[in-house]
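These notes open a run of structures that come right after.
Both complexes below contain chain A, partnered by chain B and then by chain C.
Up next is the complex of A and B:
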């Protein structure tokens, strides 16, 4: 049900102080963007964007952020369901642990990942001895670091949606003979789809911008673990033009995704 | 098609405790019998449906359907809803908003493992029975209240449940739609061979659809009987207020309504020609001693008192056929003892008429 449309002409009288602060708030987001555009090396932009540093970083960023978003869905959706639907002792603790990366400085997260999954790590050492797989300083490490910081966004979004879902729909499906898995896949999931999509988008965006955990856990190897944010940070120190070009590409990709999502997902709310 | 003789009956004793509320309701429904559970909001009606459907486990008691035990905490038996074969039409229908009308109806069949094509065909057939085939692919959230109710009923019936549970199936509808769907519901109830439980807070629905009525007040059954028994002899003040209403059927023509006993009545409200249902609250049935006919009354006739029955702070006076109305007075006046002849009058403003 869509609410009744508001009257076309409404006399909204905004408090002046609110408008001033809103304008300052807008400037906070627009001024840096203008700075970026003003300093852009427009004549060299084409060749800069197609330079190996940029292309490699972009490719790595897109792959690892997409993989991290997929991992966030695969692990975060079940976690959200457990937190929303099961009553068990220590649920508050579990929720706290799952959402910890939201407030933890990413560098700390990266360090913790290194101690757990590093070559000498708690899990990393037996894993390396058994399979020869080394997570740090590889694309797998980038994906793991990205998923670590991104998954909580999906969990809190989806858990909220599950809590707001009328449980009687699932009850109705059960009385019609649907077993638990069918209820979940055919009723629960479609009904929370908009929130799941939004949570996935948030997780992906967080993964795309990830810096601290990635550089701590996966290092900064061009072509292997150097994602866009890392490349920007490095470039700023020796070639400002490349840094600006990288930043513009990142802004363009983020904007394109936001605009694409606005119509398909956000608009449905 | 299951023959009525083979359909299982319901034998249940529902005991649930929730905070300070306790539902303690023995309930038996024969195959092919419709029982209405009638009670005010908060009496535990929906809780009873949830227990029977398996969405809420019993604290004590039992639910048996034929020779299957569905819930029995003492024996540690609990059959989950998907294995109970108890079909529910929920209060606000709960059609799956992301599915079309036909997909809603097919949902139960697919859940029970019927192939997609077969389930779709069966769903279309069910929609056709409700004359809704044109809406098969309509998004369920676009359906009107009446259409949604029928799709919900089709969705439940399509799974051929052993036990049919209807939670306020008519409450959310407007008056005209309600009358039409009540008749449709009566037909579909009659076609269902198993036990049927109808939850309602509206006495009219219960009177017209049920073979037997159970009055539920604060989690307990306070009275049980046929609609006539309940209407004529309510045993609690609540039942009297809720169900002790006079219900007449008649035919309207040019503003007058012909009812049983050769009487013509007038309602203050406009009535369309055709079958009508009249409801008259017992307090609106005025009795006058035989020697003092009401002056200037439109709806007035002579009758004989059959039963005089005190009930709490009031007295219910039942009139003899052909028009066995019940009048309710605070204190019976002179000349209203059983066998006495009286004048009866009803103000047209107190005569509510709806399409029958």
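Up next is the complex of A and C:
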């Protein structure tokens, strides 16, 4: 910890009730983690986490969650901009639709995806008849399911940042002759970069943990569609040790990525 | 709202939860954990049992037998366990979790299920090796997956599945929706799916029949009621209900 350079800041004394509740809140997250660590099959851990099932699931999870995060940026950033900047009728409805996956049980999302993009789905059937392309049972299905549940996290984060942006910066750039696209890329984007990074990290994290929509829409096959959460769920049915080992890997990877991202993008708080 | 106010609210919320937990110990609610393939028949059985025992409510928890086994071993508040495999029941017996010896109350035959009209023209177990067809199986870790592999192995077929579903009803739903071309499920599941799936019987040489054992659990605080439910499932009245769902006599 470096000393605070601002003399105006003084040490904050927290109300006791707040501290107690904060401690209970922390315990809520930490106690289950301790449970995992306490039950971990340490002696078998090495062989368990290098087994093909775990390696395949981890590879699939990392690829599909990264792809879903990229998709969330590509589609969610424009959506956030439209919601924050354009006045149009039905905006509240659009915002509700975009954030629906936040409250929808993921299994429902998966079933809806299947009805839309499955082999007998609204879009899936003509797509399959015309091209032979099938989204379920492939990594594309996993990525789509992940993006479905993860994108809203990016949209709400970035939309909030755009709304709090002082419009005079963009106005000044426009006055100086910058075209709309240039204003967006040179002024707007740099100003919302921290929120965009935070939203991307949130979307990625949600995608990494995705279970319900994935197993319902993309199915479950080791090496093809079985991501880490699916592997954990299946392992829980026959060998708790494998499930705990898989969970530890997932926890370690998530923590490592979140900590690395925080240092790189968000700086120190 | 003040911090004190929030804390009071939190405490109030906790105290609301407490009686809900205590309520389950009063003895009028029986928790039955049953294999996913028993979903329809046990809903009917529970209703019949409640009708014969006024004041008693039966709550049903359906999942893959292996998942239920793990839940029970982890201390889930179950009074009765009805399994789709002897293996899962035996593991509970070995752990000392059963109140009495398990009794087989039904048998179930494995069949090939296809979407209505059999659009992919599936004819038998050999088609399960065809990578061009969309094949679903239950995951190997759960009973219906083990039985399916038993049938395939006896026919010398190495399957090329596209998805390993977490329970038999999930598999059946994907077949009924036409998202899979074929899968191996219990005969009773096809009966429950009424017309949305077609069925192909396994040849006698590769037939696999699942045994369903039931037992009261040692940790149940309602031993008498649990034993009464087990006796009921073995009774002629219950056997008639099971037979209408497509189960075979033990």
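Operating definition for what follows: the second predicted complex is superposed on the first by the 243 of 269 C-alpha atoms of A that agree within 3 Å, B and C clash if a C-alpha of one lies under 4 Å from a C-alpha of the other, contacts with A are read in each partner's own complex, and residues count from 1 in each chain.
We adopt the following convention: a residue touches a chain if its C-beta (ideal position, glycine included) is under 8 Å from a C-beta of that chain, and two chains touch if they have at least 3 such contacts.
Everything numeric here is computed off the predicted structure, so don't read it as measured data.
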Problem set entry | Partner chain(s) touched by A:191 [first = chain B, second = chain C, both, neither] | first
Exercise. Does the superposition put A:171 against chain B (first), chain C (second), both, or neither?
Worked result: first
Exercise. When the two structures are laid over each other on chain A, which of chain B and chain C touches more residues of chain A?
Worked result: C
Problem set entry | Contacts of A:126 with chain B and chain C, given as first, second, both or neither | neither
For this session: Check whether A:136 is in contact with chain B, with chain C, with both or with neither, and answer first, second, both or neither.
Result: second
For this session: Identify the partner contact of A:96: answer first if only chain B is touched, second if only chain C is, both if each is, neither if none is.
Result: neither
For this session: Considering only touches as defined above, state whether A:32 meets chain B (first), chain C (second), both or neither.
Result: neither
Exercise. Across the complex, what residues on chain C touch chain A?
Worked result: 3-4, 6-7, 10, 64, 66-67, 70, 134, 136, 139, 141-142, 161-166, 170, 174, 177-179
For this session: Spell out the residues on chain A that touch chain C in their complex, using ranges where they run on.
Result: 15, 17-18, 20-21, 114, 118-120, 134, 136-137, 215-216, 219-222, 224-226, 233-238, 240
Exercise. Considering the complex alone, what residue numbers of chain A touch chain B?
Worked result: 1, 166, 168-169, 171-180, 182, 186-187, 190-191, 193
For this session: Can you check the complex and tell me which residues of chain B touch chain A?
Result: 50, 53-55, 80-82, 84-88, 90, 94, 96-98, 107-108, 111-112, 141, 155-156, 159
